[in-house]
Structures are given as structure tokens and as C-alpha cells.
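Each of the two complexes below includes chain A, the first together with chain B, the second together with chain C.
The block that comes next holds the complex of A and B.
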């Protein structure tokens, strides 16, 4: 049953794509900044996993835990170095595009110097060499682990946003930064934490890109940013839950096209993006986040 | 804006003058000595310092630089037209794997940098813009590794393929191996680009002569990096052999998907492990590569009796410190491009682009390097260097590449079906 496998694969890949896009959407939702270096952070997460596995034999699942503290720190510092300047500009969205495009180029160049140009990966046998059965379909263990981490990240983010004080403050800024400031919320502090979380989520996605898209290279950042951006536009800019839906739609579109019209598989997810933009410009679960 | 006819004629005359100047090997005032011989032979080339082609382009560039270093250490390259050795100067620009950047930089090389020898970057995608520019400016293009058939047309005298056969003949031994093994159920998945599509068409055509129709024959975008669902669909057709024709960036996720999906086929073939063995084995693991097939290329095919330059073992010794793992096919290709340039300069009676071309056609069929026999068809396409079929066979220290077909080139029997 080709359709059943495509359905299962689409959902599992969808959860991975949601993970890859979650940080980008969180940062945009809180700060109205488009982080064009997002894909480069995913790439760095992939290289971190390869290095730790090759040199120290560390399982990629352990790497998930290891990349979180430095990612939070890097994101926190990056916000105060770059994000605050973007926020103070007249047009933060446009300024962020320019600023983070530059960051993306610098990160890619440094990655070439540090890691070389070759594709790096980890053998998928690290998550078992035999597929697992779901509804009678054999599914690679690495897909299940990637999707499971994506789902866990989504749930944890939901808990953070809706059941913690910091999360409530974050949502307050997403709703209206000026009003949040008026009731004592420190937007810079919350934004810095959010930026750190966004970077961390991207780095975690990078670890699983090794198994979902075959490997990592310094030049793949731009492509990953485009994919992540398509996912959050489908789901709705500024809506973390929309990212989940956007990821699933993207994954299903890709896998069903691969099954029934492979040569169009690079086109179909973006065609759906265009259709959704025409029918529902705010995305599937989006709200109006830009003023004209 | 209207241009007066007299000015148009003047511009045309000026263009013709410039073109003829370039055709005379770009002997610029800055490089021409009073004897008429240039002070340097200027080679202009591009390389990809970053981006998706960097892992192939940079080693190829290293091979070319190695040849230049060797020649300059010996006093320069011999130029028959001046009966003397002349030092080589290299002008190399970084296109970052971008065709747009490459187009601009090719124009710069030809119109501003006064080059005598025009060498494009790696592969068909980055070479394609140079083909038109070379033809327009009457510069002979020493095409390194762009093998797509559409690059070679009957009317274009300004291209010669140096280091690989035309992609249309790459899979000929592969297809005949399938027929020889009586493999009836064949799945073919290929990238939607000229390079891969021509190979796929060749396999399909040869198989058809043996009465075989592929059970799966699909193009996928060249950017494809997830093959799990595609493999599931392929497996549903119950193939004995699965052929994936793509670039290295496709081969790695494809082989990973075969391994992680637990698929087992009698034969799995991908294009690039022979060319980038260490890279791909490192990415997919030894088990992921064992018993799979690929195109056999130098230095795994050895040519030690050569008519120009170093033989394979000598090259491995000098370039790779005696370790074949330090030498990739792209290194050989870059060095071989230098040897073809060397031969053109050593045999051309005049220092002109068309004289160099004529010299290479004169050598065609009588000339062997560490890359194999040099033989051109009438359009400048390489037809001498055939790619035998190789298989990765496990050893105690990893996989070894063994040539398994055709029998005349084989150094090992194929293990089919794979255990």
C-alpha cells in the first residue's frame, strides 16, 4: 500500500520539518525578526553531532542534550549583539533580513574553513539497522526518533509558553510588546531567552537532518532556511502550533508527490504554499502579524 | 537607441579585431616579449571554494595546480610554436558554485585577464556558461569533467573534453553487465538533469536491446535528499537491481536510505562512490557501501604505461605520498587537464586556439595518460576513456574497489547477488 507508507512517512517527515521551522517561527513571533541564518544553525547542529560521534562516539540523542546549553548561550549573546540593534531600527523586519543574511554568509564561510566542503553524516545504524513496523509498513528507526524528538520539542514548547511565567511573558510580547512592557515585562530579556530557545531548536533539528536529509554541508543553510520559511508560512507566521500543521502539510505533500509523481516532488510543497497564500494569506493557523 | 551604420561597421571591425586577438591565444601586450613569445602562458580557470560543487571542484583544482607546479619547476611548459619552454601563470577565480557568478567570471577571464588557455570549473552545471562564452570569443575550452551530450554540437569548434567520457557512454558496461547476469527486473531512478538523464536513457536503451524494460524508471529533482519513500515504492516493484544515477549529494542519502530502511536488493549501483570513495564511505559507513556497484575510475583503474606525464602509481606516489586514499579521481582529472594542455602546446604548430585544437585531434587515438586513452569524436567529446563497472567488496580493513566488468578490465569477479 503505497499511499499508507506515504501517509506515515509524510507525518514523520512533517514532524521533522516542524522541528526545523519551530525556532524560526518563535523568533519571528516574538521579535518580528526573520532569521535568515536559521538554516546555518541547523547545519552547525549537524556538524556538532558528526564531530561528537566521530571523535567521542557520542550517540546523537545525547548530543541533543549537549547542544542545548551552548545554543541557549549563543542565542542569548547574539540577541544582545545583533537583535537589539535590529529591534531599534525603523523597520526591524527588513533590517533583520539584511543583518541575518550577512550572518548566514559569515557562518557558512567559517564552516567551510572549520569543517571543509565535504558532506558529513553519521551512519543510520546508530538507531538500529532494522526498520520498525507501523501499520504493517517498515519505517526506519531514525525517522521515528527524529519525529519523536520533534513532537517532544513541540509539546515542551507548548508547556513553556502556556504553563510558565516566562512563557506567559513571551506570549504577552508576541501579542503586544508595548503593553507587555507597561505591565513590567522586560522585552529584551524575554527576547534574548526566546532567541536562545530558537537557536537551540534549530541546532537540535540539525542533528536529525543527518538522518532525514542524508547529511550536512556548509552550503546547505540557505536551502534549509527556505524550507523552514515555507513551513511557517503554510502554518502561519508567529504561530508555533501553526508550525506543527505547516510541517505536516509540507511532509505529506513531499511524500505523496514522491510516491505518485517523483519528478514534481521539489515543486509540489511550494505549489501548496502558493495556494495557501492565495486562499488564506495568514497561513493555516496564522493571525495578522504585520501592519501595513 | 539607434547606432549610425558607420559606427556599427566600426564596432563590428573592432569586435572582429578583438576576437582575432583572442584567437591568437590572447597574446597580450603585458605578456608578449619582443620575440613574439609570451612571457607566460596564462591559464584562466574557475573553482568552487564553497557551495555544492566544492567537494569536487577543489580537488580537481588541486590536481591542475600540481601539474602547473611540476611544469614550472622544470622551467615551464614546452610550446612548439616558439620552440621553447614558457612558465605558466594561473589566474583562478572563485565562483562559489554559482552559475551566475561563474558566467560573470568567465567573461572576466576571457575579456580582461588576457588568458591563453581557458579551463572551466568542475561538471556540466558550471561548465555550461563557459561553452557559449568560449565559442563567442573563439577560445578553445579545455572542458575538464562536463560530459553532458548537449554541450557538444557539430558547429562548435571550441570545446575539447579532457578527463571523462561523454555521459551517454558511461553506463554502457553497466548495462551490459546487467544483461550478462540475466537480471530481468531493473529499477532506475535518476536526477532530472542532462548528466543523469543521458545515462539513464543509455541504460534503458541497451536493456531494451536485450528485451528488458525497467520495472521502475523515474526522474527526481537533482536536489532530492530523502529517498526513503522512493525506495519503498521501488521495493514494491520487486527489482533485482536498483540503479541510482545522481551526484554525490544524492548518492549519500540514497545509500543511507537503503541501509536504514533495511532494503536488500541483489544489486545496488550509484555513480559517485568510485570518484569520492573516502567521502561517501565516511558518510554511509562501510556496511552501507559493501557489495554496491559504481563506475570504476582512476586511480582505481591504473594506467602506468603512458605517453604523457606521470603514470598512476607515480602520481599516487608524488601527489598522494604513496597512499591511494589521498588521491581522488578529481585530483587525477585536474592533473590530466594539465597534460592535455601540455600536449596541445607541444604539438600545435601555431600559437592559436584552432591550432591547439587541431593538435589534439591529431593526437586523438594515439595518446594515453593516467586517465586512459585520449580519443575525441568529431565534436570534441571524449570517447576513449571508458568507465568499467566496479564493486565495493568488504575486506578486513574496509571496502576495496574492484573492477568486475567488462571481463577484459576485471580484476575480480562480481559478487552477485549481494549476500
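The block that comes next holds the complex of A and C.
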């Protein structure tokens, strides 16, 4: 029943990858900015969880609640300091690549100074040492918690976007920022809130990267950004709900290759990415990101 | 009718790459009044609407909305002052439902005291609130554009070619709607090519040519004015 284990693990990892990519896609959808420092925020979320666990014994699930307020604040301030400059440039997408590449390098360097180069981790036994049984397959509790938080984040984001006034304004900007301004929406305010939410989601994903990827180091931000970017391109740039699908496809591809052909596990998810770019360039659920 | 102008523009000028698209346009619009903005293609009608509504900053001149200086204000700032517009080519929030489109405008504009469904009904879109905007035809998209603008509670409404593309049987309803908006105290500046519609809706007209206002008065007077006749007929 290897295939069943790969299927279950693929879905659980897919939900985690969706969580890891959700903030990146939300920011791109609203601001058309590619936040290359996204993976570095994930990395910082991991270090925050390790510090709070090691020094104060705080359970990583409690850390989820603790990282939200500072993340929202950091995202809000970062948008007004950096994002507004990007938005007012002639080519926001290119400007964002350059700007956030710089931010990524700075964050990584500061993380090395602050945390050193050693890997930091939390034992997965914090979520129970016995595996849970799903359809007869043993699954670590940490995987279930990570996937559960990913699913909860997706549902909460859906409720926010589709059932709140701020969420509707956010979707209005995603649809057409100029038109949103024409009905009184202040795009900077919505963008700052969105940036805060995006940073918060990344920080939460960082907490669970400790259990899904295994430990964190200052240099892992780049790889995490690449993974998150692959997930949102598969699902559809600018489509938060497509991120769910992209995460699942990425997770399944990873787990099936790790199960049946581990040598190819680093290849298959990105091969799928290339195929989707060739067959459906807008991603599985995406729309053209430039209006003609 | 309140005598103070709801919209006053003076000496409004806009150049693109040194070429003047608007050359010192003056215009006043009072509450309850519908003014038609006429002119041949390229005369500057939509540019004037774009400059007043904050899409373009004026090169020179002044815009006042309800007595407040609104020159160069961003669109969201103008909404707060009480001015909004519709677009020649509407661009609704395609992935939002009609009700959500209006809801965003209601939340971020000046509450006109009406619900989403009442505004949709007023604009002839009653019962379609749950449809996605991208499913509408072009005439319905124009109605949605108008509904969204009205949901911001404007005192001054700029209407850019609402009737273009509408079926004949829809025009009377659209004209009645605009007249009703003016009767409720709003000031309307209406860009339109259909003269029958202009006659039905407007109290007076301003004719633009090459970015300058060449005539202001009634439509009947305009049709006999040699400058206007020359512009339209090349006589």
C-alpha cells in the first residue's frame, strides 16, 4: 500500500506547501509584487518557534498565535517603507524582484549574525511521539498538525476574502486596482493590510517547516521562496485558491517520486511546473496577470 | 435648486507631450442640472472627464467639487468629495458578483442610504445580484458601472457614453434614470453621441472642439450655431 501512503502524505504535504505559498500569492495578486524575501520570512518564523520553545517552552501551536501580531505590524510597515516605492515605479514587477532580492540578502545576513549557521529544530515529538493511523497508514502527528494549520489558514483566508468588506475590497483590487480607486478604495491601505497578512502566513508556515522540511538555517530562505513560487505558478499567479491546488499537486508529485523514485524527487515537481507553463501558462486556476 | 455650482472647472488644460488635449476649458454644473458634453471624436470630451475625475492631472487650471478645491485629487479622494464617473468602456470587478461590485463601492464611498439590491434595481439589474460581473453583456456592464458609481453617493456624476451600445428599447429607461438622478439633486455631466438621447436628458450642452469649449447653451441653439455646425458637418 505504498501508493496509499504516498497519496496521504502528498495531500498533507500539499496543504503545508499551500500554506507556505499562500502569502506570496496573496501579495502578488493584490500588488503585482514578487516578494523574493518570502522564504526568509518563513525561515524567521522557524527561528521564532525554536527560540520560544527552547527558552520558554512554548508549544509551536501557541507560537502560531504569537507571531501573528508582530508579522502584521512588520508587513504593514514594510509595505509603506518599500512596497509603496515599488508600486510607484514604472515596472513594479521588476522593481519588486530587485528590491526584495536585496531584502532577502539582508535578512539572511542578519539571521546568520543573530542565530549562527547551525540548523535549529524542534523535536516532532512535541505533537506526540506515536504515529496516527489514517486509512491504515501511520502518519506523524506533526504532519497532521501542519496540514491542519494549512487547511485552517486556507479556510480563514477564503472567509476573509469572500465574506468581509476588507476582503471584497482586496478582491476588487486584484480584479482592477484603478477601478477600485474609482469607487473610493484606498489601495495603499488594503495593500498594507494584505502585506501584513502575507508576512503572517509566511511566518506561520515557518513554524511548521521545522517538522515538514526538518529544521531551519538562515540560508534556506532562497530554496523556500523557489518552492513557494513553484506552487503558485502551478496553481495560478494571483489566485489564492489556486494556491491550494498548486500545493496539493506539488505535494503529491514530491511524495510519489520520493516513494517510488527518490532520486527524481527534486526533479518531478519542477518538471510539472514546466509542463504547466507550456500547456497552461496561467496555471491551473489562474488568469492572465496582465490585462491587454 | 441650489445656486452654488456643484462642479466648477476653470482654465482646465492638459497637454500630452506638448500637444494640448484640453486648452483652458471653463464649465459650471449645478445641482439638479444635466449638462451634455458634445464634440466630434478627439475633441477632448473623455480627456476632460479623465482630468476632472483624477485619472490625469491637469497641466493647468482648477477643479472645484462642492466648493472644495479638487484639482489633481486622486479618484478615491474625489469620491470622498462627492464626485464619481462612469467609463466609456466599463471595467467591472470581473470576478466579483454584481452585489459585491456595488458592496465595495457602498463601503468605501459616501453611503447613499440604499442597499446593494436597491441600487442594482434602480439601474435595471434587479435579480442579478449573484451573477459574476464577467457574465454580463456590454450594456449590462455599463449599467453596473453606473450602479457602482451611484453606490459611492456622488453629488456630481460624470457619465461617459452610457447610451452607446444600448438597444433602442433600453434608451428610454436609461434617460429616465438619468433624469431621476438629477431630479434627486445630483449634477450630471453627460458625454453622448446620440442626439435623441441628449435631447431627452440634458438641460443644456457644452460643445468641445480641439480641446476648447466653443459653445455653451441649449441643444437647439447649438444646432443653429455656425461654429458647431462647422465642427460636426465640416461645412
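Simple rule for what comes next: the second predicted complex is superposed on the first by the 290 of 292 C-alpha atoms of A that agree within 3 Å, B and C clash if a C-alpha of one lies under 4 Å from a C-alpha of the other, contacts with A are read in each partner's own complex, and residues count from 1 in each chain.
Just so it is clear, a contact is a pair of C-beta atoms (placed from the backbone, for glycine too) under 8 Å apart; a residue touches a chain by one contact, two chains touch by 3 or more.
Quantities reported herein were computed from a predicted structural model and do not represent experimental measurements.
Q: Judging by the criteria at the top, classify the pair chain B and chain C on chain A as clash or fit.
A: After superposition on chain A, chain B vs chain C: fit, no clash.
Q: First (chain B), second (chain C), both or neither: which does A:183 touch?
A: A:183: touches chain C, not chain B.
Q: For A:56, select first, second, both or neither according to whether it touches chain B, chain C, the two together, or no partner.
A: A:56 sits against neither chain B nor chain C.
Q: First (chain B), second (chain C), both or neither: which does A:217 touch?
A: first
Q: Applying the document's definition of touch, where does A:171 land relative to chain B and chain C: first, second, both, or neither?
A: The answer is second: A:171 touches chain C but not chain B.
Q: Of the two partner chains, chain B (first) and chain C (second), which one does A:81 touch, if any: first, second, both, or neither?
A: neither
Q: Where does A:279 make contact in the superposed view: on chain B (first), on chain C (second), on both, or on neither?
A: So A:279 meets neither chain B nor chain C here.
Q: Chain B or chain C: which reaches more residues on chain A?
A: When the residues of chain A touched by each partner are counted, B comes out ahead.
Q: When the two complexes are placed on top of each other via chain A, what is the minimal CA separation of chain B and chain C in Å?
A: Distance of closest C-alpha approach: 38 Å.
Q: Could you pull out which residues of chain A sit against chain B in one structure and against chain C in the other?
A: Dual-contact residues (chain A): none.
Q: Taking the complex as given, what residues does chain A use to touch chain C?
A: It is residues 165, 168-169, 171-172, 174-176, 178-187, 287 of chain A that touch chain C.
Q: Which residues, counting only chain C, touch chain A once they are in their complex?
A: So the residues of chain C touching chain A come out as 53, 55, 74-76, 79-80, 84-85, 91-96, 100-101, 103-105, 107-109, 148-149, 151-152.
Q: Which residues of chain A touch chain B in their complex?
A: Contact set of chain A toward chain B: 2, 5-6, 9, 13, 108-109, 112, 116-121, 123-125, 127, 129-131, 137-138, 140-143, 211-215, 217-219, 223, 254-255, 258-259, 262-263, 265-267.
Q: Give the list of chain B residues in touch with chain A in this complex.
A: Listed in rising order, the residues are 48-52, 54-55, 58, 97, 189, 192, 218-221, 223-230, 232-233, 236, 248-249, 252-254, 256-257, 259-262, 279, 282-285, 287-288.
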